[in-house]
Structures are given as C-alpha cells and as structure tokens.
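Each chain carries a letter (A, B and C) given by its place in the written order, and its residues are counted from 1.
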Amino acid sequence: MVRTHTHEISTTGQGDAHDVTGAVGRAVRESGIQAGIVTVFVVGSTASVTTIEFESGAIHDLNAVFEDLAPRDGEYQHHLRWGDDNGSSHVRAALLGPSVTIPFRDRELMLGQWQQIAVLEFDTRPRRREVVIQIIGE
Amino acid sequence: MVRTHTHEISTTGQGDAHDVTGAVGRAVRESGIQAGIVTVFVVGSTASVTTIEFESGAIHDLNAVFEDLAPRDGEYQHHLRWGDDNGSSHVRAALLGPSVTIPFRDRELMLGQWQQIAVLEFDTRPRRREVVIQIIGE
Amino acid sequence: MVRTHTHEISTTGQGDAHDVTGAVGRAVRESGIQAGIVTVFVVGSTASVTTIEFESGAIHDLNAVFEDLAPRDGEYQHHLRWGDDNGSSHVRAALLGPSVTIPFRDRELMLGQWQQIAVLEFDTRPRRREVVIQIIGE
C-alpha cells in the first residue's frame, strides 16, 4: 500500500527550521499501514530534510557549520547565471539532501527520543514549501 | 510491485556530473506503477547521487566546496593502503551518500521545477558507472 | 512484503565505525524477498549510516574531515542547554544523516565490491546502538 500526503509550510528564509515529526507521525497512524517506510521529501533545490535533536542550540550549530562551508556572502558561479543571490542555498541543499527515509512498525516511527525530523530552509528569502510524506508498507 | 533498472554512464573523472532525471522519469512512466518511490543508487564508493539545480554554475560551486572540505591533493591515510590517489573521492562520496529517494504520484516524479537528479563522479579517473533505478509502489 | 529487523551494536564513542554489510545481507537473504530496497537506519541523533570502502584509512580520513568541520572541542550552543559536550556529535550526525537505502535483486545487495554499509558513532561516549534493517519488496 502507498499513501501520499503533502504538507505545506511557510519559512522565513535561510536558517529557518521546522519540526515535522508530528505531521509525519499522524500521517503514518492515520494511513492504516502497520509497518513500512515513510519518505519525507521537500520539493525544490534550496531546502533539505534531516533528523536532529530539534532544539534551538543544535539548529544554530548546524547552520553555523553551513555558514563556514558555504557562506551566504561567498562568491558563487550560480550567481552569474540568473543574477541570483542564493548560491549558498543550492550548495547547502545538495549537500544535506532533499529527503530522509524513516522505518515504522506497529504504526510508530522508529525514531530515538531526541531525534526529530527537520525541514531546513536554505533559500535567502521566505518560501512556501511543499513537503511530501509518502508511506509504503503493509 | 518492484521494477529494477540499471543505467550506465561514462564519466570523465572528479567533478563530472550527469543529469539522470530524464532516465529516471522514463523508467517511472514505463513501469506502469502509479504511485510510490524511486531509489536512484550509484554502485561504488567514489560517486554519489543528490538533487540540485542542474546548471554548470551550481555544479561548479558544489565541487568547489568539496575541494575545500577534502582537497584532491590532501594527505589521506587511504593512500597508504593501496598506493591509491583517491582519498578525497572516498571522503566526498561517503559524505554525500550513494542514493536519493524520490516520491512519485500519477506516474510523475514530485520534483521541483529546478530540481534535478545528479550523479556526481568523485573518482580521480574516468569511470563506467552503473546507476540503479528501482521503483516500488502500486 | 515488509520485514523489520533490529541489530544491536556497542560503540566506543566518537569516531568508532561498524561494518554492518554482513548483517544486512543476511537479513535480505533470509527474508525470502527477491527484489526491493533495504533501509538501514540508526536510532538516535548522534550517529549516522553511509556507504564507504570499509578500511581503517578511509574511516580515519572521513573522521578527520568531520573534525575540521565540527571540532569536538568547538563551541556549540547545544552545550548551553543541558551542559552536554556533544554539540559536534549532533552537527555531524545531522549532516551525514541517519540512514541509507540500498536496492537488492535476486536476494543480493547491489553494492560495489569496495562499498560497505557503515554505522558511524559520533557521540562523545560509548553507546549501545539499535540499527533498524527494514526490507520492502516482493
């Protein structure tokens, strides 16, 4: 069985993070599927999904490492193409990736107690984001 | 239902990138599967798959960050084992990972307009790469 | 069909790595499922799973890049919350991600010859880790 949900969020721009664990857990419980995987996928090339202990310190620390790796005000060849200012966003999103896949059993996500599912905005402006929550199992 | 395809590409060595979105979308449409996930997986430990806006500037920028992180001419303990020169390739590939998982619905990949599926070569020499495109759904 | 296994490992702390390819391959062969994907997922927010050539040099090189990126003795806002000392662990684990998804066919993982599945411990102390091996296919 396959169930596909979309979940919309509004972000404030680079560094904003949203905890979608609750929405993903609900989608799994309401699917009627007992065991399987849920893929959480963010549409677009300037945002990412990962798992993290969702507290402001850890989110800050992760963004600080990305600022070191791919500084917002760095020089990017991507800027030359469209006059964009979001080369840092593309690099960060490609590095972290657009999705995570989480197994579940007995209709419960097999996450750790301090492990949440986070959508990270890397674009330099506020965005509406479509998050796909797709459940496959039996 | 499960459908497994393999797709071969030839790369020119470190930094080369291939857009496989067309091949993946075709495999999904021809599978007859309406909704599910497609896993795009590159065989080997010195290449990766991610999503990115596939234009030469963004690809250059991503490779530049990897050159900072794990310089091709850096010192690697991996070199001591086999006399290899591709320690940077192994580190980059492990960081970025071998696969992405993309949901689809109505036989269409749920990608953004500027979001393509890229295979990145990190090895220091040209390679033949086997890309697995595996579709699961109903 | 869905089969869910859990595999426990004991780690020695930050930088420790475990090759779980054998356990994953056995779970696939014993599942009776011919083709599909296996998701290897580590429970918790301070460990990761990736593929790498599993030899001590490459593992060392990957850890060295993480030490550059997110030094163990760096300053982290996460430390301010609980008095923890593992801000570097959270950043590294979020970057590398909690899971990999590997396709299989004819009951064999479609890995390269030098490509193994590695669980990486990033926490600053020894941990018991639960690794979920979940197989979906037909």
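Brief remarks on what is shown
Criterion: contacts are C-beta pairs under 8 Å (C-beta built on N, C-alpha and C of every residue); 3 or more make two chains touch, one makes a residue touch a chain.
Keep in mind it's a predicted model, so treat the numbers as computed, not measured.
Annotation of chain A and chain C: jointly contacted by B, touch as defined at the top. Superposition on CA atoms relates chain A and chain B by a rotation of 120 degrees, given as a multiple of 5. In a homomeric contact, the two copies may use the same or different surfaces; for chain B and chain C, under half of the interface residue numbers are shared, pointing to different surfaces. One inter-chain figure worth recording: chain B and chain C are separated by 19 Å, centre to centre, where each centre is the mean of the chain's CA atoms. Residue positions of chain C touching 2 or more other chains, listed in rising order: 69, 95, 97, 101, 136.
Those residues of chain A that touch chain B in the shared complex are 1-2, 4, 39, 41, 43-45, 69-70, 76-81, 87, 90-91, 93-95, 97-99, 101, 132, 134, 136. The touching residues of chain A, when paired with chain C in their complex, are 35-37, 50-53, 55-58, 60-62, 65, 68-69, 95-97, 100-103, 105, 110-112, 114-116, 118, 136-138.
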